[in-house]
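Structures follow.
Presented sequentially are two complexes of subunit A, the first with subunit B as partner and the second with subunit C.
Our next item is the complex of A and B:
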């Protein structure tokens, strides 16, 4: 739908502009800080939008202020503008958007209202008062892959994914790397549904994978259908967006969850203190800074593996990179030389998979 | 390999049934001369109200399906009012209805908190030993009640449309409303009935989608299947049995796609996802090219009837 698209744009921006836009002084907020959120989907959608709304509630507690939100704001200027401008008219000067498709409109609005600070989750545009934010989902999916590998008896893992973009591809490869860490023979079979939000297709994909003897199902799609199938068939699963034990308490052993509040509480405090400088290419945040994290582990994950997962999580927080060299793709081509890590630009345009992954073309 | 084929064939009915029911409903409506582009909307209304019953009233899948059919029929009266009584352009009316249903189901389900809540839904009919028979068991006997009802239902619709007085009148209204009117058949009443009956079947298809297949509701979950049903009717030349065959073809493709991927055959995914739509286009082109005059397309399809109108 939207998230994955930061990909090419960001990569292109990195490649094409050797001269960085010079950001002058930090952004200075005028007047009393008032935060508002504009949410893409319904705030009880069980996934992406609900995660944003839940972060909003935690931010209210963390910042000690009310943060109003409007949900169901579609990705076009005629939907976004009136909502944002009404907030601004009512004195809100920190606006948080939540969609890839808000990128251009937020850019225009940030130029029109230079005294307002803008953030956009999964956006692609940035400026002196606009920062796009995305989490390094490959870190949390790597850890869930470890849980999947440890809990699997057959070593055959399945993954239901939406579309083969960089953001999805990195979760898939990281998942397999994690799985191989706990089960060196683990393989990962991916089915793309071509849609973010089609429970019929997701169910079909999950069922087809289960029929092939897969006993843990990962996912990078928006509905919990994959987890529900896992529970129905008595196998296991790992979730995305939020803790999916809510939908499949028996099956879900690990979920990659958004932790936006962990990022926003200190970031907004910076805005208020007058020390905020938007990252020129957006904030691409790790578990340590509060992009994603894991809800782990279910009882099917052996205790030793759960401890190993937490140790890896600590290592990632301490700076370990999931895609560290030497790393070959499944055709055997060296993608990351020894001693190096995959650059952000290469992550966003990732179109290859590590060994052990099977996908459509 | 044989496992693969058995698994695949066993999954075809669940994917084919929504198409079959929706196409059957559209055939009834269109046989009375009313173009029905609103299928996508009726699917959504059916899907949402079916889940609404399960979450709001309790675990009664049969009731959920009845309510799904009924809600779509109820909404279709708005469409009937527009296109029969007020003679609004049927293309515009149908499209408006789709947008109305998309927005309305989104609002209602969100406010009621029905999004993303799994239900047990419709379960296979227990047939004891029959379901355990190798090969044939899973393919033929591990299905829910609606799958078993599909073939009799198609037979019933084919019979009623083709062999009864009610069907004759309905077809007369669709082929020559002026003549039907002169013969004393109530054109408007027949069209209202055909629209409501057709919408009920499309609503049932939607209810099946959420209650029987996905077992969950998310906004916009019909995912374009209503449009495929519209094409399927043209594909089937307005004949119920052909619509069933077409539905099986589309259901077969839809069940095959993820299975090909799951066994690790690396086909280009966008090409594969395109195949149902490609098949629709191909069949329509084929039908136009072999135009042999035996089309059963209602001659007054899409034309509003006005009594004693000069032409």
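Our next item is the complex of A and C:
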């Protein structure tokens, strides 16, 4: 997952040892390609799992093949292993997993079945036939933050988040950076629910934020509850995972949406063609390559702001980094010096927030 | 002096009803084969309903037989998946059965599993003790931690009469939030910065048996089953626990140590749950994850109920639950049956078996009506 680091390592390795390039040999698929997907939650959860399943349907069209899926596979080795082995026994040789908690089991299975190609969304393990994939979600959340800042009248924004660690912390800071871009005084109040899928707690958190006078609610959890509350309370919201206009058409002004098929159709074609080389530290993909993109913007976002958001999106595709220096955390400590950007390694272990963010202790 | 009314010594037999009807009577004693027959009937009914649902979903009958019977039993991968699944299920089933035997309703099995895993992981992370003894030590502290977590509810029940259903259930949430606190804080995996503990070293993992992925977790579950069977069915403690199950007040009146029996069974239950947590972390996940315990608490209750708190029955039931689980997965893989539908089918089967208990405890009879020509 740490590409620049990896490039340095690989360059060093190549220079030092002529034997090492063997490691980087492309993966060769044996037999007819058959893809299968193992989904963490229920296919129709309205969020993360449904986004994966919708990408699966698009991949079926893009690759011209049936892609069966099993949903509701919990993050336990005892649940994951039999499903994957059943697929392999039926001749499936490209397996896509969809949960961080599959990482160890996928690593173990990829070693047991070296002729099968494994992918894992939000995984942490990699290997000669295993690639973890995640999107640079801070890009789309930054753009939605811009929409939130532009649409807010009070400048007080709220955010319902799952758990405090790298992938969630970076969306929060990016959201606030985006909001300040369109509204320099915007502040962001964050509530962590401690769970990815707990609509009851998400509802309570969203309502508490609304009570505090927040007028736009962002989120990084797995269900649409936050946007539904925003609509009920007559305020605005920005979604994650999928286009939340489905659940809250009036309130939703921007959604950060997964575009997995955009990544997987060409990637699987590479596997089939025999040119696939899994990134040794995982694929950490941008808007351009099919991580998350935005569905934007609702009518509450002024036209000029909407244009600014699209211009910023184009700049990101052209190479702009959201976490570019100089960047201080909320305690005033310099985290990214001027002229530099936050490294991928630092992103994954991000445990700080930019100014303007308030969180639980 | 008023004329005494004739009082019959025995009340006359109730008049037969005008029309025939079903009556339900409590059955005092059911023979073993009767119980078995009723259970088999419940299972058959559940399977029949499940088959009907699946046929309606478009799965062929011969395919069903192939998936459920042939492939689960004949394929080593499926069989090992069933057994791997069954080992921790059997241990939580025992944990529930031991507590339920003395009417201590331990709903806190998941919390005790978490405490067990936390203790075992602490030993693993800090490399406590010499490597060859590490696993034994991990199991021991896991059992003690599970016991500690159930001690407070047990004492509260004994001293203050506090309902243990509430206290053990609520302590699950305390344990879970404690787990999150550790995994998002001090014990976050330094290798990936992701919220699970670092991987256990080789000496901290239950060894493989050399067949498929089976580990020593299965023999451990078997050993615990036999121990619990001896304890509940052979030993003096077993006799006392039967008194506690039937009528603790009567036992108390006879001078039997009912309170101590209840406390011991509750602690044993917590200890077993702690060991279950250890067996999953050290035998399957090789680290402590956020969700290793998820669902086991209710599975344990279910298994103990279906097995009527019999340890040997719990082991067998755990294997059957494993079959149900693995067969359910193959239905999803091969026929695209949605996960929710599979859960529905599993629930139908389990409810049929559980409901058959009614016919063990009750006798249902047809009482014919009064004949009109009399």
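Criterion: the second predicted complex is superposed on the first by the 338 of 361 C-alpha atoms of A that agree within 3 Å, B and C clash if a C-alpha of one lies under 4 Å from a C-alpha of the other, contacts with A are read in each partner's own complex, and residues count from 1 in each chain.
One rule holds for everything that comes next: a residue touches a chain if its C-beta (ideal position, glycine included) is under 8 Å from a C-beta of that chain, and two chains touch if they have at least 3 such contacts.
On a predicted model such as this, the values are computed, not experimentally measured, just so you know.
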item: Fit or clash - subunit C, subunit B, common subunit A; value: clash
item: Contacts of A:77 with subunit B and subunit C, given as first, second, both or neither; value: second
item: First, second, both or neither for A:42, with subunit B first and subunit C second; value: both
item: Partner chain(s) touched by A:223 [first = subunit B, second = subunit C, both, neither]; value: first
item: Touching partner for A:194 - first (subunit B), second (subunit C), both, neither; value: both
item: Touching partner for A:166 - first (subunit B), second (subunit C), both, neither; value: second
item: Which of subunit B and subunit C A:90 touches, first, second, both or neither; value: second
item: Contacts of A:209 with subunit B and subunit C, given as first, second, both or neither; value: first
item: Subunit C collision site on subunit B, chosen from 206-214, 224-232 or 260-268, when both complexes are overlaid on chain A; value: 224-232
item: Contact residues common to both interfaces of subunit A (with subunit B and with subunit C); value: 42, 72, 164, 194
item: Residues on subunit A engaged by subunit C in the complex (per definition of touch); value: 36, 42-43, 68-79, 81-83, 85-87, 89-90, 100-101, 103-104, 124, 163-166, 194, 348-349
item: Subunit B - residues contacting subunit A, complex; value: 3-4, 7, 11, 15, 106, 110, 113, 115-118, 209, 213-216, 218-221, 223, 254-255, 257-259, 261-264, 266-270, 272-273
item: For the subunit A and subunit B complex, residues of the former touching the latter; value: 41-42, 44-47, 72, 158, 164, 189-195, 197-201, 203-205, 207-209, 211-212, 214, 222-225, 228, 247-248, 358-361
item: Subunit A-touching residues of subunit C, taken from the complex the two chains share; value: 75, 77-78, 81, 84-85, 88, 177, 180, 184, 188, 192-196, 199, 213, 280, 284-287, 289-292, 294-295, 326, 329-330, 332-334, 336, 338-340, 342-343
